[in-house]
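Dropping the structures in below, format is structure tokens.
Two complexes come next, and they have one chain in common, chain A, joined by chain B in the first and chain C in the second.
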Partner chain A sequence: MGYLVRRLEFFLVTLWAALTLNFILPRLLPGGPEVALRTRFHGRVSPGTIKSLEVALGIHTQQGQLQQYLEYLGNLLHGDLGVSLGFYPERVTQVIMVALPWTLGLVGMATVIAFVLGTLIGIFGAWRRGGLLDSVLPPVFVVISAFPYFWVGLICILLFSITLGWFPQAFGSSSEVTSELSLPYVLDVLWHSILPAFTIVLTSIGGWILTMRNNMITTLAEDYIRMARAKGLSPTRIMFQYAARNAILPNLVGFAMSLGFVISGALLVEIVFNYPGLGTFLLQAVNNEDFSLMQGLFLLITVAVLLAVVAADFLTAWLDPRTRERA
Partner chain B sequence: MGLDVRLVAEQPAIATEAARPERGALHIVAGAMRSNRKALVGGVILAAFVVIAVIPGLLAPYDPHAQIFEQTLGPSREHLLGTTGNGQDIFSQLIWGTRESLAIAVVAGLMATVLALLVGVSAAYLGGLSDHLLSLLTDVFLVIPTLPLMIVVAAYARSGGLAVLIAVIVITGWSYGARQLRSQALSLRNRDFLDAARMRGERTVYVIAFEILPTMTSLIVANFLGAALYAVLAAAGLQFIGLGNPSDMSWGTMLFWAQNNGALNAGSPLWAVVPGLCIAMLGAAFALLNYAFDEITNPALRPKPRRAIEPSSRSSKFAT
Partner chain C sequence: MKRRGVVSIGLLVLVTVLAAACGSPSSSTGTPLKGGTLTIDNESGTLWNCGFNPFNGNVSFLAFGPVYEPLVYDNLLNDRKVPMLASSYKWSSDSKSLTFTIRSGVKWSDGQPFTAADVVYTFKLIKSNNALDLQSVWSVLSDVSQQGSDQVVMTFQSPAVPYFYYIANQQPIVPEHVWSKISDPVAEKNDIPVGTGPFMVKAGGCTPQNISYTRNPNYWQSGQPYLDKVNYPAFTDNDPANQYLASGQAQWGGQFIPNIDSYYVKKDKANNHYWFPPIQNVNIFLNHTVRPFDNKLVRQAIAYGVDRPKVSKIGEYGYQPPGSQTGIVIPTFNDWYDSSQAQKYSYKFDPAKAQQLLQQAGFSKGSDGIFKDASGKRLSFTIYSISGYTDWTASLQVVQDNLKQAGIEIKEQDLSHDDYFNHLFVGDFQMAYGSLSTSPGPNPYYELRNTLYSQTSAPIGQTAAGDYGRWTDAQTDKLIERFGATTDSAEQHSLMKQIEGIMLEQVPVIPVTESVAWYQYSTKGFAGWPTPSDPYAAPAPWNIPDWEQVMLRVHKT
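Moving on, here comes the complex of A and B:
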């Protein structure tokens, strides 16, 4: 139980840190939302409207800092992220809800594919040390994972869409197909997601291959594996049920911990492909100096990653008795 | 960003190579390059970029900012890589851009490593509540998604220029190393030579700086390589979406201008391809060096000759 308590503490502290960071940053750094707000709406709306906007954004300076902080936390508890400056008068939550399904679909799918495929390749690579998989793939993917995600996306567009014309170059779906839940629409969406998903898989798979391979190599040297071989068990059984089963645990935790990195890269891929997900909105927020949307996205993504980490922790505790005992 | 590589290094076996304080960082790198092909390739690429960054004026034929040529020219003898949509020479931009890109990688990488060292080693050495709090802090920064955080900070402090860019990268990039360094320092904590130093009545600062740190040189170098790789990619990403200073000359800002001018469709694909390739090569140089380091410090991971391999008793000795 102690293990889970410790992880829960971590979850709460991180959540609090992210929320507080989000509150402090605009107040610490120069050129905050007030300036942006005044330049954006100056002369276009009455001073009264600006005042009420400031209230809606929580940046009016009448109250003390502590009171503002408490109000901010209270708003968050109600799921209120304020008004978007760039999409005024829409609320940040509304804007996010439009983009969220796209990112969940694309990044979720690509990440799961990369994890499963990478783990499998890692298992086989470690099993046949010195074989083709083991000697060629790891160095290749070490190099590829040093490539900027978005640049790989640009290259994919250049190759597969501009030169070869196989896949669409941008957007989540064609404008000719109406967005209703019909077969043509679903196929169209899938069609548009192939190239960005391929980019994300290509650039993130290397990490999974390498960690899994290294874990497997360590595990394969254990005595119980030699025992299993001595008993004459089939190689497949040793590989999957004896070695991989234990080696995958650190990979699972690593999966959750590096989700933040993967999502960061995926957001840039979305930008390159003009995909209508969170990344593209993040870019628009930057261009519009839409601080409330930017911060809302930061919070949402952080919380999502945190939930994934906690889920992975619970899964590990359930799968691995040692984590429960150690505490 | 391809940070996944850095997960690789999380191997307990790093400690085996630890206790050799007489080998300096440069020695380790030189030794690695002699014995490992991946390290050699990485080292050569890095050295080439360093040379370019030092003497861009001798290598670049034109002023990188000057918009004096015909737009979107293809590669030719006058313009090795053609010209941009604004009529600048791409090759000259590339050469001059090396300096800032490399500087960000090295400076941010170094600063992140120092911060990681401070937090990681003090956590391990102090132990108890301090360790708990510092580790918690490390984990918090490890898990917060870096890109949105970087974007928020960089967007607010937009006018800050290069210093802000580097600061943002350091803030988001130190935590992974801190975690690794902490676990290695932890394994050193009860060694005899540290007891001896404490017995002699040395101060804590002395023990950490002159007894612990030298034994960790190889891990520190590996950490710097990982942090530099992170800095390369993070800077490229931030500059690409316009959060650098767009009038600076660097590979990331070249990509920003290329993207904003629709270079891929406007007939100057090289404008977008080549700076990205340079970023990729610099990143790959750091990643290869890091990977080679991992193999050198962890013998169990070294490539084996091709044969049907039984996990031999020899490798198990190193793997634990």
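Moving on, here comes the complex of A and C:
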């Protein structure tokens, strides 16, 4: 119990620090919302117009920094992230809600698939160490995981969509299908997600295979495995119930954390495939100097990662009593 | 590089011409066929938020033209005017009042009739909500009122003939019966716009990834538009957009494509075409408050010290042509170009002449080949550019090499887009490479006014709308003011020649290349495109409202 409380305290302090950094960082960028606004309108519009727009956008350039900071914290408590400069009059929360399902769907599913596949390959590879599976897959995927996402994505587009024409080369769905939730729409979205998801799985699976395989090998050398064999238990039972169950611990923690990073989207994959997810919006916010959207997205990413870290801590504590004892 | 087009030109506006107005499209295939879906390919850098408020600077480029129309379309490339919502217009003899006759028989897309009252309402609306006055028309207007049943009279504070372009061509007209019920027009999203234009956006017609513009069956130009639908997918990056275009999934592009001949044209030689009409200068801006740029001989030396054709070829793949020291964008505005004056000065790359001018100005050549003034201060300057504009960096490397031969050292420093313009606006720079942040217009006056007119400038430290270099010259100001006060084309041409004379003799800025409207089009299944022989509109999908003219005339074959 004391362990959990300490982890929660740590979480709150880190969260506060992250929120504060999130407030400061955009203000350190050259320019600023009012400069961005001025250049956006080519310096042509009158000062009166600029002032009216500033009021509409909620940019209070006359306010002191401390006052802005307090207001920012207060608004956060109410879940108010302000108005997006680039998507005016839309609110930042509305913009994020549009992109969130796409990223959760694509990157989330791809992460789960990569984890499950990678872990299974790791288990089987270690079980038959030196076998065909073990000598081919882990090295191949480890090499591929060293390739940059976007490069693999571009190769996939060139091969599977431009040359072979099997899959669409961009977008999350085709323009001819309405966005109502219907079977054709769902199929269309799935069809569009295959190539980007394949790219993510291909480049991230190597890490899961490697850690799982190594943990398995260590575990298989334990005395209790030899004991289980001596008892004449079935190999499948030993592989999953005795070895994998213990070896998967570090991988599960890594998985919980990688789910936190899902929110930040596979930025480059989304850009290469012109996918309407959070990564695309983040790039756009930075390009457009859309400060409120930038802050909103960074906040979301930070909180997601922090929550994932805490979840991973709890998971470890629950699965591995040694952690609790040490604490 | 493409981003430059979008940022600096994309939000501008323009116009086109005509035959469309009388409903007789020029087509070699006879009567245009109806139907078909056209797809636009333009990296706008943003996903759509599905708002179509034409007064919102973020989205007006999606609403103004095919949905909300201007009073008169004024072709950015040649100043030819096509009556749209106004069937005619007339200036008073003192050029201080402008009367539009409003077209009858036009209906809003919800079936209500369009009237002169809607026009008056629109102008009053942007006056009372000045956040909507994106063209600053109320900086020159004093009143807008209805006269009789179908006329609208605009009165000006002083003669402002060139403002016709902003008032008639750049101002979308909205329906009073809809907008008068909107409590906050600034924060209005306008997801189902009601306009007079040839296309509509219906409920469900827009997603963050695509806008479907569907034909307005009750459009006032009978028989038009020919297309059933125009799709506008959202691209946030150049590469996917270029691939989409090259693979034939889109037919109308506004993209910068490196090696366009092999990447795009070669994919379908019979049908894939491009045309890049120049529309604005890319200059070396000099800060006239910084020594020795207050010396005419130094400015002339720099003008002789730049190899424009080489910059165009190496820095811009030859897609952007070399600029002219007259300030006239050629060949687009050939009509205004005074070749005899230009020949007299002959600003070709001539380092010997540049060195001679520097000596004449009292500078002496140092041992490192760079000139120095009497106190020993070297002619070494920092030139600002925009980070990410790789073509400008390549161009500046050529310029740097050229000027070194002329005895002047320049060092490039890249700033972010907004930071760069902020430095220019407040006059905090020595030299800068780039274009005005304001849009060009249908003749050279618009760009030259914003480049040279001291009334658009401001003291160092304050925000200037134009004339970033703080060029202050009574003669220049007088010529620009006289140009703005006359509707007589012959007089305008004669005044422009004198402005060109100042550009050549005084060299207030140094045009190096000319930025272009990126435009690709496929004739596979579609015809009616703007071409060099039929330049009925500035052709890029981001030329606003010109793109309406293209959407009116393109048809399937």
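Criterion: the second predicted complex is superposed on the first by the 279 of 327 C-alpha atoms of A that agree within 3 Å, B and C clash if a C-alpha of one lies under 4 Å from a C-alpha of the other, contacts with A are read in each partner's own complex, and residues count from 1 in each chain.
In the analysis below, a contact is a pair of C-beta atoms (placed from the backbone, for glycine too) under 8 Å apart; a residue touches a chain by one contact, two chains touch by 3 or more.
No experiment lies behind these values; they were computed from the predicted model shown.
Asker: Determine, under the contact definition given at the top, whether A:276 touches first (chain B), second (chain C), both, or neither.
Answerer: The answer is second: A:276 touches chain C but not chain B.
Asker: Tell me the contact category for A:88 with respect to chain B and chain C: first, second, both or neither.
Answerer: second
Asker: Quick check on the superposed pair: does A:98 touch chain B, chain C, both, or neither? Answer first, second, both or neither.
Answerer: After superposing on A, A:98 lies in contact with chain C but is clear of chain B.
Asker: Report for A:157: first if it touches chain B alone, second if chain C alone, otherwise both or neither.
Answerer: It touches chain B and chain C both.
Asker: Quick one: chain B or chain C, who's touching more of chain A?
Answerer: When the residues of chain A touched by each partner are counted, B comes out ahead.
Asker: Going by the contact rule set out at the top, does A:218 touch chain B (first), chain C (second), both, or neither?
Answerer: Only chain B is touched by A:218; chain C is not.
Asker: Please indicate which partner A:306 is in contact with in the superposed arrangement: first for chain B, second for chain C, both, or neither.
Answerer: In the superposed model, A:306 contacts chain B only, not chain C.
Asker: One more residue to check, A:67. First (chain B), second (chain C), both or neither?
Answerer: The answer is neither, since A:67 touches no partner chain.
Asker: If you stack the two complexes on chain A, which partner ends up touching A:173: first (chain B), second (chain C), both, or neither?
Answerer: The second partner, chain C, only.
Asker: Quick one: is A:289 in contact with chain B, with chain C, with both, or with neither? Answer first, second, both or neither.
Answerer: both
Asker: For chain A, give the residues common to its interface with chain B and its interface with chain C.
Answerer: Touching chain B and chain C on chain A: residues 29-31, 154, 157, 162, 271-272, 283, 287, 289.
Asker: Can you check the complex and tell me which residues of chain A touch chain B?
Answerer: 9-10, 13-14, 17-18, 21-22, 25-26, 29-32, 128-131, 134-135, 138-139, 142-151, 154-155, 157-158, 162, 203-204, 206-208, 210-211, 214, 217-218, 220-223, 225-226, 229, 250, 254, 257-265, 267-268, 271-272, 282-283, 286-287, 289, 291, 294-295, 297-298, 301-302, 305-306, 309
Asker: Which of the residues in chain C end up touching chain A in this complex?
Answerer: These residues of chain C touch chain A: 3, 11, 39, 45-47, 49, 51, 53, 56-58, 129-131, 133-136, 139, 186-189, 204, 207-210, 212, 231, 233-237, 239-241, 243-244, 247, 415-419, 421-422, 425, 436-439, 463-466.
Asker: Spell out the part of chain B that touches chain A in their complex, as residue ranges.
Answerer: Touching chain A from chain B are residues 1-5, 7-8, 10-11, 13, 38, 136, 139-140, 142-149, 151-153, 155-159, 229, 232-233, 236-237, 240-243, 255, 259, 264-265, 269, 272-273, 276-277, 279-280, 283-284, 286-288, 291, 300-301, 303-307, 309-311, 315-316, 319-320.
Asker: Which of the residues in chain A come into contact with chain C in the complex?
Answerer: 29-31, 35-36, 38-46, 48-49, 52-53, 56, 86-90, 95, 98-99, 154, 157, 162, 169-173, 175, 178-180, 271-274, 276, 280-281, 283-284, 287-289
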